[in-house]
Amino acid sequence: MINQLIFAYFAAVIVVSAVLVITRKNPVHSVMFMLLLFFHIAGVFVLLNAEFLAAVQLIVYAGAILILFLFVVILLSVERESQAARANRFWPWLAGFGLIIAGEIALLVLRGSFPGEGKMAVQVAGAGVRDLGVVLYSKFLVPFEISSVILLVGLIGAVMLAKKKTNE
Amino acid sequence: MTDDGYSLTSSIYGEKMSLTNATEKEIVQKEMTINMGPQHPATHGVLRLVVDLQGETVVGIDPRPGYLHRGIEKWMESRTYHQIIPITDRLEYITCMNNNLGWVVAVEKLAGIVVPERAQFIRMLMAELTRLSGHLVWLGTHALDIGAMTVCMYTLRERELILDLTETVTGARQTVSYVRIGGLRNDVPRDFLDKCREFTEIFPKKLEDYDTLIRQNRIWLKRTKGIGKFSAEDAINYGLTGATLRGSGVNYDLRKVEPYAAYDKVEFDVPLGTEGDVYARYIVRINEMRQSVRIIKQCLDMLPEGPIMTADPRYAVPDKATVMTNMEALAHQFVLMSKWVNMPKGEVYVATEAPKGELGFFIVSDGSGRPYRVKIRAPSFVHVGALPKMVTGHMVSDVIACIGTIDIVLGECDR
Amino acid sequence: MPDMQQIINFIITIGIPVVVLLSFILANAMYLQLMERKVLAHMQSRLGPMRTGWHGLLQPVADAVKFMFKEDIIPAKADKWVFSLAPLIFLVMAFGAFVAIPFGPDTVIFGRTVHLWVSNLNIGVLYIVALAGIGTYGVIMAGWASNNKYSLMGGFRSAAQMISYEIPMAFAIVTVALMAGSLNLTEIVQAQSQKWFIIVFPVGPVAFFLYLIAGVAETNRAPFDLPEAESELVAGYFTEYSGIRFGIFYMAEYMNMMIVSLLASIMFLGGWMPVQIFPKLLGGIPPISWINTALAAIPPTLWLLAKLYFFIFFYMWIRATLPRYRYDQLMTIAWKILLPISLGTLLVAAFMKQAGWM
């Protein structure tokens, strides 16, 4: 009972803050709401007994990625960004995509289960750091390595872009 | 639209979003202008610097002195030569004795006054004590600016000893107004010489303490080496003087070049740097303190007996006891204090080696008891002018290090 | 309607620890400030606060009263919400981290077995690292919302510094986790019952050294106090803050110091384990064994607190001694020196663990 209430609270805040992230005109406020969002997602992880995931959620997303967002956003002129148009002429298309994705999610929820690996991932996440490590380095070794290569590519790309700019 | 990345972005978001493009380009080039001062913890008073930054790098710096302008030069025109002495205290308010001395030496040259030997030695002794106190304040604040806070407390503790000594002699701790045209206000008290000798024993040890606190410190070295570099040629061209100049290796010390007081009678070396950076100037000033102690010791040994006021009756202010008993002395004192005596017509420029650098007084005399015009060559003002060259290309933290190293006092800079 | 027993249990297991912890933290945050002033003063041949109470003992109270009654100024052009929220985020994250810290082994008080922690998280260390990461937001938000360029620069410096130093710090922590085989702080302490991690050669001392340096940087203390370098940025990110909000930043800084120090004691100095002199070599020989018995008789929590205050004293000592780094030098240290060393340490630790040498 209490768990469900807490979940309801988390879910509600997640939805509301997610909407606020895209509706706020001030980009810094958007980032603030995104922080709130991440916090509550971490909360949901804790409810699922996935403490490790919750911590990683905070360390990686909130502690590292979002901070970089904030860096960039602060550098923008907030006044100008606030006055910029909220949508352009493509908005009906984009809204359409959004609706399709929302429909897919709704379908999955109505079916009541997620197929295949997703379910297992949730189980493993709840099991603790040790098991997570074992699974990551045995069953999911190849995807794990591939993702790190992709990250490396991103890293090198970023360095290249930055280098180009200073040379100009 | 030179970059593929940009055109891709704009084709997705349409014309409206080309705004992002513009902003992005601006970010790369935009400078941030910050206003350092006039109220800022590290600008040593009320120096205002308009600093253009790219990230943390300084791309332009514009010193705007003048917030402490009190019109001292103009004010001097309405005072007699004697009354100007306390005004000079307000120039470089940390080392007032040297200002007094600079002014008085200039006036004495204008009038051709011969000052007795004992007075000269005491002047030199006091001037060196004050130089020590000025350098201690410099060391303390400089270190504090770079973040070594303990040094400041230690130097102020030793400065207290100097101020106590000054008080025993002059009755004042900072704004002493001790030197008189033609001599001194009073002779040194009997116990002063012993106290002073004691001080010269203590002080060198303390000086080693401060030096070991920071000289070998890796952070200190990293913060000061290679920062604010000035080649010897540039330093001369920018009119730098004092330790700021000698840090670049130029051997120019007015105490040697054009000795005043009794500097030609004592032995001392002029410490020189080679690199011309903040660290070199630090070493020079530390060594200067050692030399000052050396001069003080010699003064104490060589101090001759004799009068402390010139024998020239025109300029000698009669001492208080005579004024109380002698009618002529009273009248003479009254004249001297109210309108001074008529000085020779002419112009004179005399520079002395103040702790900050060359402190020069240019006096134009119209023959009355008041100067027609006085121009003060304030080392601080000239040094502020060197700041842009020193700092540009370095980082914000180095601005602070450079303000410390040129050793400015705004009272003198703005006048 | 929950029954009475449940409520009482709740109060005893959650309520009392939280209240005790809160008062402990607050008292410490107040008095550490006095301690810092006193320590610095005596190192600089001064006396420090002497007027309020005996040797300034009431100074923190006076300061608190002053903070509370000073006008709370919000600059006209500031972003009001973010400006007010920033110190709270900073404070809450500092408070929150204490929840996971064990102050001693289970103790029997009034016939009840009491845990000396509020929550014994399985991922205790990660939790604290995560909260420390969020604390950075408080700083950036304060810097941005003040609408002051000095604040902004302070905020940027701080964010860059905290993100950079989090990495070597995290690697040092991971090294410890590897040695202990757990992320749980209690288990980390128990793993050191034979040998403290600081003397596990060669990784222990290196990791400790890394953690110590990164910890100083994380808490924005000298010589890494660039975000609030007063001679450069006036007061850095909290330049525009006044009154109680300023007080909050001030207090949270000391709380962060406490957390970093507590973690250092727990991870490297054996937490609440007592100091023992040559326990294996000469531990049985009478004079030494008496001393060892006496040392072991001191309550474990006192040992932990002693180590905590030792570290805090160490931080103050550094502050009194060292000049401040420059921004680029700071970054160089983090990325070019500490990071490679920490990676190497982790590698060696993993190897030793696998080879069974540890």
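As written, the chains take the letters A, B and C, and residue 1 is the first residue of each chain.
The working rule: a residue touches a chain if its C-beta (ideal position, glycine included) is under 8 Å from a C-beta of that chain, and two chains touch if they have at least 3 such contacts.
None of these values were measured; they are calculated from a predicted model.
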> For which chain is the distance between its Cα centroid and the global protein Cα centroid smallest?
Replying inline: C
> Farthest from chain A in C-alpha centre terms, which chain would that be?
Replying inline: B
>> Report the inter-centroid distance (CA atoms only) between chain B and chain C in whole Å.
In response: 44
> Hey, how far is the Cα centre of chain A from the one of chain B, in Å?
Replying inline: 60
>> On a C-alpha centroid basis, what's the spacing between chain A and chain C, in Å?
In response: 29
> Multi-chain contacts in chain B: which residues touch at least two other chains?
Replying inline: none
> For chain A, which residues are shared contacts with two or more other chains?
Replying inline: none
>> By the touch rule stated above, which residues of chain C touch at least two different other chains?
In response: none
>> Which residues of chain A touch chain C once you look at their complex with the stated criterion?
In response: 26, 28-29, 32, 35, 51-52, 55-56, 58-59, 62-64, 67, 70-71, 74, 128-129
> Tell me, which parts of chain B touch chain C in their complex?
Replying inline: 32, 34, 40-42, 56, 143-150, 153-154, 157, 213-214, 217, 219-220, 222-223, 395-400
> For the complex, which residues does chain C have touching chain B?
Replying inline: 40, 43-46, 149-150, 153, 222-223, 225-226, 229-234, 319-329
> In their complex, what parts of chain C are in touch with chain A?
Replying inline: 79, 81-82, 85, 121-123, 126-127, 129-134, 136-137, 140-141, 144, 152, 155-156, 159, 163, 166, 170, 183
